[in-house]
Amino acid sequence: MRRRGKRARSGAGPERAMPEAAQAESAPSEISVIAYTDEAFEERKGVSVDEIAAYLDRPGVVWIDVNGLGSPAAVERICALYKLHPLTIEDALTANMRPKLDVFDGYASVVFEMFYLHGDGPEVVTEKVSLVFGPRFVLSFQEKPIRDVFDPVRGDIRSRRGRIRKAGADHLAYSLVDAVVDNYLVVLDRLSEDMEAVEDEVLATPTQETLRRMHALRNQIIFLRKSAWPLRDVLDRLQHDAEDLVAPGTVPYLRDLSAHTAQVMEQIEVMRDIVTNMLELYLSSLSYNLNSVLKRLTLITTIFMPLSVLAGVGGMSEWTMMTGAHNWWWTYPLFLLGLVGVGAASYLWLKKKNWV
Amino acid sequence: MRRRGKRARSGAGPERAMPEAAQAESAPSEISVIAYTDEAFEERKGVSVDEIAAYLDRPGVVWIDVNGLGSPAAVERICALYKLHPLTIEDALTANMRPKLDVFDGYASVVFEMFYLHGDGPEVVTEKVSLVFGPRFVLSFQEKPIRDVFDPVRGDIRSRRGRIRKAGADHLAYSLVDAVVDNYLVVLDRLSEDMEAVEDEVLATPTQETLRRMHALRNQIIFLRKSAWPLRDVLDRLQHDAEDLVAPGTVPYLRDLSAHTAQVMEQIEVMRDIVTNMLELYLSSLSYNLNSVLKRLTLITTIFMPLSVLAGVGGMSEWTMMTGAHNWWWTYPLFLLGLVGVGAASYLWLKKKNWV
Amino acid sequence: MRRRGKRARSGAGPERAMPEAAQAESAPSEISVIAYTDEAFEERKGVSVDEIAAYLDRPGVVWIDVNGLGSPAAVERICALYKLHPLTIEDALTANMRPKLDVFDGYASVVFEMFYLHGDGPEVVTEKVSLVFGPRFVLSFQEKPIRDVFDPVRGDIRSRRGRIRKAGADHLAYSLVDAVVDNYLVVLDRLSEDMEAVEDEVLATPTQETLRRMHALRNQIIFLRKSAWPLRDVLDRLQHDAEDLVAPGTVPYLRDLSAHTAQVMEQIEVMRDIVTNMLELYLSSLSYNLNSVLKRLTLITTIFMPLSVLAGVGGMSEWTMMTGAHNWWWTYPLFLLGLVGVGAASYLWLKKKNWV
Amino acid sequence: MRRRGKRARSGAGPERAMPEAAQAESAPSEISVIAYTDEAFEERKGVSVDEIAAYLDRPGVVWIDVNGLGSPAAVERICALYKLHPLTIEDALTANMRPKLDVFDGYASVVFEMFYLHGDGPEVVTEKVSLVFGPRFVLSFQEKPIRDVFDPVRGDIRSRRGRIRKAGADHLAYSLVDAVVDNYLVVLDRLSEDMEAVEDEVLATPTQETLRRMHALRNQIIFLRKSAWPLRDVLDRLQHDAEDLVAPGTVPYLRDLSAHTAQVMEQIEVMRDIVTNMLELYLSSLSYNLNSVLKRLTLITTIFMPLSVLAGVGGMSEWTMMTGAHNWWWTYPLFLLGLVGVGAASYLWLKKKNWV
Amino acid sequence: MRRRGKRARSGAGPERAMPEAAQAESAPSEISVIAYTDEAFEERKGVSVDEIAAYLDRPGVVWIDVNGLGSPAAVERICALYKLHPLTIEDALTANMRPKLDVFDGYASVVFEMFYLHGDGPEVVTEKVSLVFGPRFVLSFQEKPIRDVFDPVRGDIRSRRGRIRKAGADHLAYSLVDAVVDNYLVVLDRLSEDMEAVEDEVLATPTQETLRRMHALRNQIIFLRKSAWPLRDVLDRLQHDAEDLVAPGTVPYLRDLSAHTAQVMEQIEVMRDIVTNMLELYLSSLSYNLNSVLKRLTLITTIFMPLSVLAGVGGMSEWTMMTGAHNWWWTYPLFLLGLVGVGAASYLWLKKKNWV
C-alpha cells in the first residue's frame, strides 16, 4: 500500500550505475494484443483499454502486453477486467521489485527482472516485468518501453514455430520467461568479455583505472546476483503451487527453464569468484612490486650513502695535509678506485645475502 | 524473569551510535484508543487505564496504542484486562528484544523493531514495538514516544481508505507491521545515499575520515541486519501458526508483506557487499598510491644520490690540483654538464626498466 | 568410556586464556538439597550422600545440587539412587563437554556451559553444568564450586516468587537454564564494553597493544560462540523430545528461553562482525598512515636531496674561482636564495601534482 | 529453444584457459554401436543412422555412442528413433551445459561434463556428455571426438569383466558415469601435483610468475568446482526419481558412485582451501620481506646520514682553523675514529632497541 | 571398479606432509581373531584364512581384525566367507577413502579414518579403517599395521570391563569407532599445543619460520576437517538406516558417540578460526612494525637531510670569506649550535605533529 513511490526509489544504490535515459519517468503505457489459436492469429498494436474487453471471451490464447507504466489508470482498468487482486495490480504498477510468484484463484502472477546491455561498458539496465497468466490469457506489464527481448516469442507465434501455437497460456508464459533468461546469458557473456579484458590489464600493466573497472564489475555482479537469485525459487514454486494453471506437457519445459536459471546463477557465482581472484591478484602484484621498488631503493642507498660519507671524509683538508696527498699524483685516482671498490663490495654483499 | 533491566542494557554495543536523547529513560506511557467498525469510528488520546475496560466488549476493532513504557503498572493492568500471559506482559515491558512471534490462546504477540533516521548522518535509532492482536483488538506497546510511523495507518482508518475498515484486527495488525517495513526502505534509501557519497569520496580523494564513515556504515548495516533478519521468519510463521487469528482474506497481504521483507533483507545484503567492496577499493587505492609514492622516492634517490657522491668527489681539492682545473675555465661547466648527464642517464635507465 | 581425562584436557586451547585458579583440580563435591511444595520448603547444605535416599519419595520437588566433581564416588552413588544410565553418570563427571540433551526413560539430562567474568579484562571462565530432571527431582552437577548464578533461583523458591513453587521439576530445570542464559548477557555486556574501549583506541591512537586486545577479544568470541551455539538446539529439542517430562504450562517458558538464547547467539555474531570490522579499520588506518608517512619522507627527500647536490656543487673551489665570487659580496646570499628557490619550487611542484 | 548457440558461447569466461584445438567447431558425428547380452557381443564403428533402426528390437543392451555433434540432423534422427522428447534432443545438441538429470516416460537423460588434461600445465579441457538410457539402450552424445575415457568400459564389455554383461542398460549407464568420475581423480591428482610445485616455489623463492600460476590454479579450481558440483545431486536424484529404470542390484553401485563423487567434491574444496592458504602465505612472505628490506634501509640511513653531516661539518675550514688541526697529525685519525664510533653507537642503539 | 590404484594416489596433496615410512606399501595382512561370549573368551594372532571358517558358527561375537592390506587375496576370501557384496570388498581394499556407511542385507559397512601423531611436529598420519559388522561378527580392515588405537577395546574385552562382553557385535563396532574418536581428541590436543606455541611466537618475535608453521598448521587442520566431517553423518545414519543391526541398548551409546564427534568437529572449527586469527594478528603486527620502521626512517631523514645541506652550505668558502668567520673564534661553535638547533626544531615539529 502507498509504497509505490518509495519502493521505486529504494533501489537507488545499485541502479546508480545506469544511464539517465533508462531511469526516466515511466512512459505512457502502450498496449499491444496478440490473440491466437492453433489456426488463427491476430496481432494489434496501440490498442485502447476499451477494446480489450472484446478479447475476454475470445477462444485460444490472448496476450496483452502493456509497455510502460505511465498510465496507471489504464493498467488498473485492464486488471479489473481480468478480476485481479488489488495486490497484483499494485505489483504490476510498482517499479523495482524482487522476483516473486503469487498464485490467486484463477491466475498466477510472476514478477521478475530483465537485464539489458547499455552502451559499450559493463553497464546493465534492468527492467521489472510483471506477468499474469490464467487459463486463456497472459498479461505482461513492462516498466520501460524497451521491447526486443520478447520479439523472438512474437516471431515464434507468428510463424507457428515449435509448440507455442498448440499449447496454452502457460506455455506462452513459459516462453516469455525463457526469452528473458536467454537474454541473461547474453548479458553475462558481455560481462565475461569485460572481465577478460580487465584480467589482461591486471596481468600486464595494472593501473588505478583497472581497479575502478574491477570495482564496477563487482558491483554489477552483486546487482545481477540479487536480481536473478529469487527467480529460480519462483520457477520451482511455479511447478508446485500453480499446478492447476500449468498443463502436464509444459512441466518438462519449466523444469528445463529452472535448470537453465540454475546455470545462470552458477555462472554469476563463478564470475564473482573470478573477479575476487582478480582483485587479489591485483593486490598481490602491487605488493610484489612494492617489494621490488623498495629493494632497488635500498640497493641505491646502501651503495651510495657510504660513498657519500667517504667522499666527505676524503675531501677534508686534513686528509690532504696529513697524507701530503697533493704531492702524489696517484692518491686521487687511488681514492676514486677505493670508492668504486667499496661500492662494488656493498653490491656484492647485498647480492650474496640475496637482498637485491 | 527479572531480566528486564539486563536485557535493556545488553544491546549497548550497537546502540552506541545513537544519540543520547533517543536512549533516554522510557517516558511515562501515553495511551490512545481507536475503535472502529466499517461505519463507526472513534479516536481518543490520553486515555486512562480505567477507561479501557469500557472498550472490551465494543463491537468492531479496538486499537489501544501505549506509547512509552514508563508506567509498567498501567501496562500490566491493560494486559490483565485482556488476560495476557505473564510472558507476553514481560515482552511488552522489555526494551531491546529480538523480533519474535508467540501465539497463545486467543491472541498472538509480535515483537519487532522500528528504525528511525536521526539527524543528517547515517545514525539510525531503533525502537522495540510489541504488538498483541486478538479477534477484535490490537494492543501496541511502543518503547519510545515517537509516533509518526503509525500515522499513515491512522489516516487510512479515519478516511476509510483501502480495506482496513472492512477487515478485522488481523488486517490492522498487518497494516501496522507493513507501515514499519515501508519505513525500513526509507531508512535504507538514506543509507544508500550515504554510501554513494562515501563511494564518491573513495573514488576521488579518500581520507582517514572516509575510512571512519565506511566503518560507521558497516556497523550500522550489521545492526540493521540483525534487527530485520528474524522479522521474515516471524511473518512466515504468522501465516502458519496463527491461522485461527488470521482471516483468509488477509493471507495474501501477509504473503506480500513477507516478500516485501525479503526485499529489505536482500537490499541490506547488497549494501553489505557494496560497502565491503568499497573498503577493498579504498585499501587497493592506498596500495596503489603507496607504490606510486615509493616509485617517486626511488626515482629521486636514484638520480640525486650518485650526483651527491660525484659532487663530493669533484669538490676535493685533489681533483682541482691534479687536473689543474683552476687554470681552465671550461672544467667547471664540463663537470656540471657531466652531473646533469649522469642524472639524465639514471632517469632514462629507470624509464627503460619501467621502474618509474 | 575412559575418556573422562582426555576430554577434560582436550579443550586446552581456548581455556588457556583462563586464570589458573579456575582451572584447579575439581574440588570435593559439596551437596545441598532444596525440597519444596507449594506450601512447604526445606533447604539443607552439606548433605551427605546417605541422607539423600530419604528425599527419594518426598512429595513435591527435590533439587540436589552437587558442587564440584572431586568426589566421583559420591556422584555415582547419587546417580545410582535415581537409576541414571551409565552414560548420564559419565556426562555428570566429565569436564568440558559440548552442550547436549539426552532423554532417557523417566528423566532428561541437559549439559551446558556457564560463563563467568573473571577480573577486569575480557577473561571469561566457563564451567560445565550437568542437569538431570525427572518428574519430581532435579540433580545439578557443577564442575567448579562457584555458586552465584543459581542464587536468584534459590531466592525465588524461598520467597515463593513467580510460578516456581506451584510448578514441577520441569519449571525448576527451566529456571536454572534461564538463570544461566541471563548470565550470558551479563558477560556479553562486559565484552561489549571492552569492545567499545578497544574501538575508541583504534579510532584514536592504535598501538600494538590495541591489536593484542582485539586478538584476545576475537578468540574470546570464538570460544563463547562454540559454547553457546549448541544450546539453542538443546532447548528446541527439549520441547519436542522430552514432552513427557515437560508440563504444557512450561512450554511457553521454554519457547521464551529459546528465543532468548537466539538473541544471545545473534549478539555474539554481531560482536564477531564488529570486531572483524574493527580489525579491518585498524589495518586500513595503518595503511593510510603508511601512505602519509611515506609522502612526508618523499617530500623531505625531494626537497633536500637536490639541494644537497647543489650545495656540494656550489662549494667547489672552481665555482668560486671561475666566478670570482670571493670578490663580490652578493654572490653568497644569491646562491642561498637560489637554494631556497629550488626547494620552494620542488615543494610547489609536489603540491601541484597532489603528491604531498 | 533457439539457445543452442548462445549457451555454447556463454561459458567463454572459464573456458578461456583452454587451447584452441579443444574448442574447435564440433566435428561431424561418428557413430559406433555396441550390442551385447550375457552371451553375445557385437561392436561396430562408423555406423550410419539408417543402420541403427535395426538395433531397436535387438535383445540385450544396445549402446549407441555418438562422438562429435557436427551432424545435428543425424542426432535428431537417432533421437526420433528412440522417441525422445524435444528437450532431450536439444540437450544432446547443446554444448557447455550444467550437469542435470531429466526423467521422461521410458528413459532418463543425464548430462555431465568430462575433464581432460591438456598438455603439461594445469590446463583442463572439458567436454559435455549427454547420456540417455532406457530399459534396453544407452545413447551417449559426446561433444568432442576424444574417446579414451569410455575405453575401459568397452574393455569390460568385450572381456565380460565384472557384472556389466549380466546387468542391464542401467548398469552400463552407471559404468559410463563411473568412468568419468574415475577420470576426475586423475585430473585432480595432476592439479595437486601442480599445487605442490607452486607451494614449493612459494616457500623457496616466490616470483611474480608464481603468483600467476597460483591465480591460474584458483580459476581452474573454480571452474572444476562449478562443473562437478551439480553431479552429486544428479546421482542422488537418479536413485530416487528414476527408480523404474534402475534395477535394485544397481542401486548399491549408484550409492557407491555418489559417495565417490562426494569425495571428488571434498578434494576440490580442500584444494581450494589450500590454494587460498598458499596465496596468503605468499602475501605474508612479501609483507615479511618488505619489513626486512625496510629495516635494512633504515639501518643504513640511520648509520650513514649522521656521519654524512659530521663529515660535512668536519670538513669546514673553520674547524680546521679554530682547532688548528692542521698542526696536529692526530686530529684526522681521531676524527675518523669519532665517525666510526658514532656509526657503531647508532648500530648498537638500533640493535638494543631491536630495530634491526 | 578398477579404481583402487587411482584412489590411493588421489589424496597425495594433503598426505604429503606425512613421513615416508607411513606411506609405505601396504604390508602383508596379519589376521587376529577375538571370539567371546559373556562367559568365554578366546584371542588368537596370526590366524590363517583357512582357520577363519571355523569361527563362522561360533556362538557369541567374533572379531576378525585384518591388519595391512598387502594380501588382497586373503581379504577377498574372508569377505567371501561372510558373503559380503563386491563393493564392500572393494571398500575394504581401497586406500584413502572418504568416511561412509553402507547397509547391505545382513551387515553394515563403516569406513572411517584414524589419525596418528607422528614424531614431534604437527604431522598427523592417517589410516583408513573399514569395519563390517553383522549380528555376530565384526570384521576390521586396517590399511597400515599400526595397532594401538584398538588396544583399549581389546583390554575391555579381556577383562570384562563395562558392557562389552554382555552386548553384541553392534556394541563392539561402536567401541571400535569410539576408540578412534577418543584418539582424535588426543591428536587435536597435540595440535592445540602446537598452536599455542606458534601463537606465543607471533605475540613475541614472529619470524618467517613462524609463518611457515602457521601455514603447516592450517593445511593440517583442513586435512583433519575433511576426514572427520563425514563421520558424524555416518554415525547419525547408522542409528536410522541400520536399525536391524543395532540393539536398542546400543542406541544411547551411538548417540553419545555422535555428540562426541560433533565436539571434535567444533573443536576443529575453533582451531581453524584461531589459526586464521593468528595469521591476521601476524600480518597486522607486520603492518604495525612497517609503520614504526618507516616513521623512524622518516625521523632520521627529516632531521639529518636538512643538516647535511646546511653543513654543505656552511662549508663553502664564500661563507667564510663573506663573514670573515675565520677571524672570529665563536663563529664555528655558533654554527654547530645552529645545526643542533635546527635538528632539535625538526624533531620537536615532528613530535608536535605526532609524526614520530
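For reference, chains read A, B, C, D and E in written order, and residue numbers begin at 1 within each chain.
The working rule: contacts are C-beta pairs under 8 Å (C-beta built on N, C-alpha and C of every residue); 3 or more make two chains touch, one makes a residue touch a chain.
As the structure is a computational prediction, the values presented were derived from the model and not from experiment.
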Check your understanding: Which chains are in contact with both subunit C and subunit D?
Key -> E
Check your understanding: Can we say the copies subunit B and subunit C touch using the same residue numbers, with more than half in common, or are the two sides different?
Key -> different
Exercise for review: Find the geometric centre of each of subunit B and subunit E from their Cα atoms only, then give the gap between the two centres in Å, rounded to an integer.
Suggested key: 41
Point to revise | Geometric centre distance via CA averages, subunit B-subunit A, whole Å | key: 25
**Study point:** Residues of subunit D touching at least two other chains
**Key:** 283, 287, 290, 294, 297, 301, 305, 308, 312, 315, 317
Review point. Which of line, ring, star, complete or other matches the graph of chains that touch?
Key: ring
Review point. When the cyclic arrangement of chains is written out from subunit A toward subunit B, what order is obtained?
Key: A, B, C, E, D
Study note, to complete from the structure: Per the touch rule above, subunit D residues touching subunit A in the complex are 1-3, 6-7, 9-14, 16, 85-87, 97-98, 100, 102, 104, 208, 211-212, 215, 218-219, 222-223, 226, 229-230, 279, 282-283, 286-287, 289-290, 293-294, 296-297, 300-301, 304-305, 307-308, 311-312, 314-315, 317, 320, 325-326, 329, 331-332, 335-336, 339
Check your understanding: Where on subunit C is subunit B touching in the complex?
Key -> 152, 156, 162-163, 175, 178, 182, 185-186, 188-189, 192-193, 195-196, 203, 252-253, 255-256, 259-260, 262-263, 266-267, 269-271, 273-274, 277, 280-281, 283-285, 287-288, 290-291, 294-295, 297-298, 301-302, 305-306, 308-309, 312-313, 315-319, 321-322, 355
